[in-house]
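Take a look at this one; I'll ask things after.
Chain nomenclature is as follows: A, B, C, D and E, assigned in order of appearance, with residue numbering initiated at 1 for each chain independently.
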Amino acid sequence: MFEIYVIASLLLMVNILVGLARVLKGPTAADRMLAAEMFATSAVVILLLLATVSGEESLVDVALVFALLSAVTVVTFVSRFWIAGDSGKDRRAGGDS
Amino acid sequence: MTFYLLLATALFLMALYGVFASRHLLRRILALNVMSTAVFLWLVTVARAAPGLDPVPHAMVLTGIVVTVSTTAVAVVLVVRLRASHRRHDLP
Amino acid sequence: MDALVPLFDALLGALLLWLAWQSIFAADLFRAVVSFMIFGLLMALAWVRLEAPDIALAEAAIGAGVTGALLLSALGRLPRERYAEAAQHILSHSYWLLFWAPVVLLAWFLWSLEAAPPSPPGLGEMVAIHQPAAGVDNPVTAVLLAFRALDTLLEIGVLLLGSLAIWSLGPSPWSTGPAMPSPALPAMARALFPAFVLVSVYLLWRGSHAPGGAFPAGAVMGAGGVLMLLAGARPWLTGGEQGPWRWLLTLGLGTMLVVASVTQFAGYVFFQYPSDWSGRLITLLELAAGLSIALLLFALYLGGQPPVRWRDRGWQ
Amino acid sequence: MSLVEWLGLLMVLFGLPFFFLGTVGLLRFPDVYTRLHALAKGDNVGLGLVCLGLGLQSGSLAMTLKLLLIWILMLIASATGVGLIARTALSRGVRPWGL
Amino acid sequence: MIPDLFQIGPSLLFVAPLFAAIAAFVRPRAGAGIYLVSAGLITVASLALVLMVGTLGAWRMDLGGWVPPLGIGWQVDGLSVAMLLLTALVMGGAGVYRVAEGDAGHSPLFWPLWLFLWGGLNALFLSADLFNLYVTLELVSLAAVALIAMGGRTALVPAWRYFIATLLGSTVFLMGVALLYGQHGSLDMRLLQGALGPAAIELLASLLITLGLLLKGAVFPLHFWLPAAHGRAPSAVSAALSGVVVTAAFYLMVRLWFGPFSPMLTPALALALGAMGAMGILWGGVMALLQRRLKMLIAYSTVSQLGYVLLVFPLVASGILAAQAWHGAVVLILTHGFAKAALFLSAGVLIRSLGHDRIDRLKGPGQGPALAWLAFALGAVSLVGLPPSGGFMAKWWLLQSALAAGAWHWALVILAGSLLTAVYLFRVLGGPTAGAMTPSSDHSTRAMGFTALILALAAWIPGFVPIPLTGALADTWGMP
């Protein structure tokens, strides 16, 4: 059973690797941010799987911290960087901010 | 474990190059952060290879992370101030 | 399964290298910052692979919390032009020595690595022998707060000094309220805040016998403060001279200094804990340090001296 | 292995494809709004199934509660985050696909 | 039980500035008062430590009772207490100058930052643990960068350059420390002493550490950040930076290369370090000659004068009169610190009373307070190295060693550097001596000039009473 989990975490890593294409392409900042959020979730799952495989309970704590703090990044993103009403920048969804 | 030592060395060199080659100040801060992460990676790998998992490098890295956070914060704020007062964010 | 683990390592290493490259040389600055944040995320996995969950915890708490928020906020204050000349070569006059010397040295080192692989002696056994005398179950905590307590004292000093340095540069450069009135944001902050308190208390409690302790706990709490600030809560921390918060910011450093020096008058050496009290003193130091670290990280995020009186925005 | 553990393994295996589909959506969907949709599936359903499955296998109440907490936290974060990003994108004039 | 003075003394030097920093932060209005009380305490303790080492010999402390390699050790020997005394006098004097300057336009955060800088420096000079040294170096850099930035808008860019250079230096330093720890499982300098050999990794580690320190010490090809940072900072801060903060890097180089790294100090390496020093002496001197602002001139002079310290490596490696050369380098660090602080402080007084520091306009009659000019002249004479000043003793010892070893090129560099120093400093002094000097006008300018004068006089002490100083220095672990 544990082999399956190791394979699963390996596949999730490949998943992250593929998803990096969105970070590269954009086009808007939100697209890049979304990809990062996606990776955070994937990392949480990898941590949980590894915790089960290794029996190391503290990895679940690491996952817990990631889950708790993932909100902070998104909220900072929309309230400090990619601010509402800053229009015209993304009109054609091509201009990156 | 040699793999992680090589990874740390590669990251260190790449970041070192980045500190010199990049013009934007924020990018230099990122490069310095990658550089210290590479040093931490080296220390933790050494701890892993030692007999019975050496906790001293772990403590050193934890201290180092806190120090890096403070210096990064000061550097980031300095960049913002520089931009506000000099209208520039790149320096040779 | 034995073949899978090196594969995992290799994939992780390739991703880390690629992300580091992106965060230093990406043409678009926001892409660089996002890559750096993902780099931090995956570094946590590397720490786990190297059996250092305590560092993974600290990296997760700080990278996804205050550092990420600070970088994004600073980026919002910088002009949004594209940066095409990502890696301009400015290795002019005096830089060459500084750059090429380590490169040559490390290349030479890599070449000699195969000949003589490092065989770290480590201090693991010595820590294990002396750990009972320190009165804590977690070896990393024993090193941080007993054997190398001076480092930890100075580390908290560096945090305090960092906030002072930032404050001395001027008032907070970014507006504090939410950019867009949204009912969802305060609701989320209110829902999450108990979770922040719960998790940091839990981490502080875990620290005595397992990975955790003052720093991750403080970092989680500090990030919770940042979230509340962004959601429109009025912070308690102000720039005035009155009030208990200046004491609280210095509580960690002050407590460590007092504990370190007071025992000398009872015949102990500097920073020696009386053996019966060691465990309890370390718990006290963790509590004080955790509280200060949370406030100090929040202060670092503010990016400048907070106003003497916050505009009362309440819950929007 | 007991029946509960088999059930757990099955749930984990059902949860994982959501992540791969999420990535496919992230890469192939035409605009921010549709990509948000793809992302939310992975966060909510995929993580939920994995957490439940691992919780069933862990056999300890504390661990199961912690796993549930992780899922709930991620739910809250992703629900609000998706809303905020979509709202901001609209107000910044990012045009939805097909309009 | 009676507290042990050998324990209390060093720990007081560490604890007092940090406590005072906290107090000055919590009670900003009482900042100057808190500073004066703590400065007096620290200065007395530093003097006491010098006397104790001079009469009773050096000792070590194991913090928390944990013996290295497990714990962190402090060393209290001749070299450390000499640096602690330098710190106490320069930081103390420059702080009093700042008090005399008055509160107008000062940030209330100045005193906490200043005291943090002092505490960090004291911790640095006491520490015998390489990782602990890294943390103290970072503490010192952070405090220094914030203090430089207090020089106003024009100081922001120099502050940034300094910060990046010093952060890079720290990180490279830490990489070297990590390599050493991986090899030996120890961070204590004395434990590493016997263990290090000429193996490849150890040589690499020591070179990385040295590279980091060269960057922090602004040694010739890496000096790019120093002049602007020291020239733009407030004068009291410039005095502390040039007098103590930069020299901390040189202190560590001397400590490490004559301590744990000594098996790796090959003649070629010593020659390379000496050549960098010599280039710095000449380049810094020429650049100082070309400056148009007084504080920039003094800042370039730091690049030049500290180059002398690096000459100690080839001179000691030659093996003839090695102790002489070593003493010369350490006394040079001390006298340079005092003289340079005096120069910056008197330049500050001149800026305050004249409103500018343009060298060409300093010439002519009635140019500023006499006390400041006196301090400037006394400091300049010691910096040039004219007898019987302390600077003369330092350069004389270095010269003697060079001549005894037949190293004519080093002797030539020493003399040429002194000549350059004389030319650029007397270019400044040539003006006011021709005209009439006015007595100091107001009370605070007089007090400021007086602190500068005291520091200038401190630079002369080794010229008159070299014996006690060398007596204390002789008990330094690892001295050749």
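Note that a residue touches a chain if its C-beta (ideal position, glycine included) is under 8 Å from a C-beta of that chain, and two chains touch if they have at least 3 such contacts.
These figures come from a predicted structure and were not determined experimentally.
The chains that touch both chain D and chain E are C. Farthest from chain A, judged by the mean position of CA atoms in each chain, is E.
Using mean Cα coordinates as chain centres, the one most removed from chain D is E.
By C-beta pair count, the most extensively touching chains are B-C.
Distance between chain B and chain C, defined via averaged C-alpha coordinates, is recorded as 13 Å. We define each chain's centre as the mean of its Cα atoms; on that basis chain A and chain E are separated by 48 Å. One inter-chain figure worth recording: chain B and chain E are separated by 28 Å, centre to centre, where each centre is the mean of the chain's CA atoms. The distance from the centre of chain A to the centre of chain B, with each centre set as the mean of the Cα atoms, comes to 22 Å. Under the contact definition stated at the top, the residues of chain E that touch 2 or more other chains are 131, 135, 138, 142, 145-146, 149, 168, 181-182, 185.
Residue positions 12, 46, 50, 54, 56, 60, 63, 67, 70-71, 74, 78-79, 81 of chain B each touch two or more of the other chains.
Shown for chain C are the residues in touch with two or more other chains, namely 54, 75, 98, 102, 106, 109, 118, 120-123, 127, 147-148, 151, 155, 158, 161-162, 165, 169, 180, 185, 188, 192, 195. Interface note: chains touch in the pairs A-C, A-D, B-C, B-E, C-D, C-E.
Remark: chain A residues 2-3, 6-7, 9-10, 13-14, 16-17, 20, 23-24, 26, 29, 32-33, 35-36, 39-40, 43, 46-47, 50, 56-59, 61-62, 64-66, 68-73, 75-81, 83-85, 89, 96-97 touch chain C in the complex.
Contact residues on chain E toward chain C in their complex (touch as defined above): 1, 3-4, 7-8, 10-11, 14-15, 18-19, 22, 25-29, 61-66, 69-72, 107, 109-110, 112-113, 116, 119-120, 123, 131-132, 135-136, 138-139, 142-143, 145-146, 149-150, 168, 172, 181-186, 199-201, 204, 207-208, 211, 215, 221-224. Those residues of chain C lying in contact with chain D across their complex are 180, 182, 184-185, 187-188, 191-192, 195. By the touch criterion given at the top, residues 12, 19, 25, 28, 32, 35-36, 38-39, 42-43, 46, 50, 54, 56-57, 60, 63-64, 67, 70-71, 74-75, 78-79, 81-82, 85-86, 91 of chain B touch chain E in their complex.
In the complex of the two chains, the chain B residues touching chain C come out as 2-7, 9-18, 20-24, 26-27, 30-31, 33-34, 37, 40-41, 44-56, 58-63, 65-67, 69-74, 76-81, 83-84, 89, 92.
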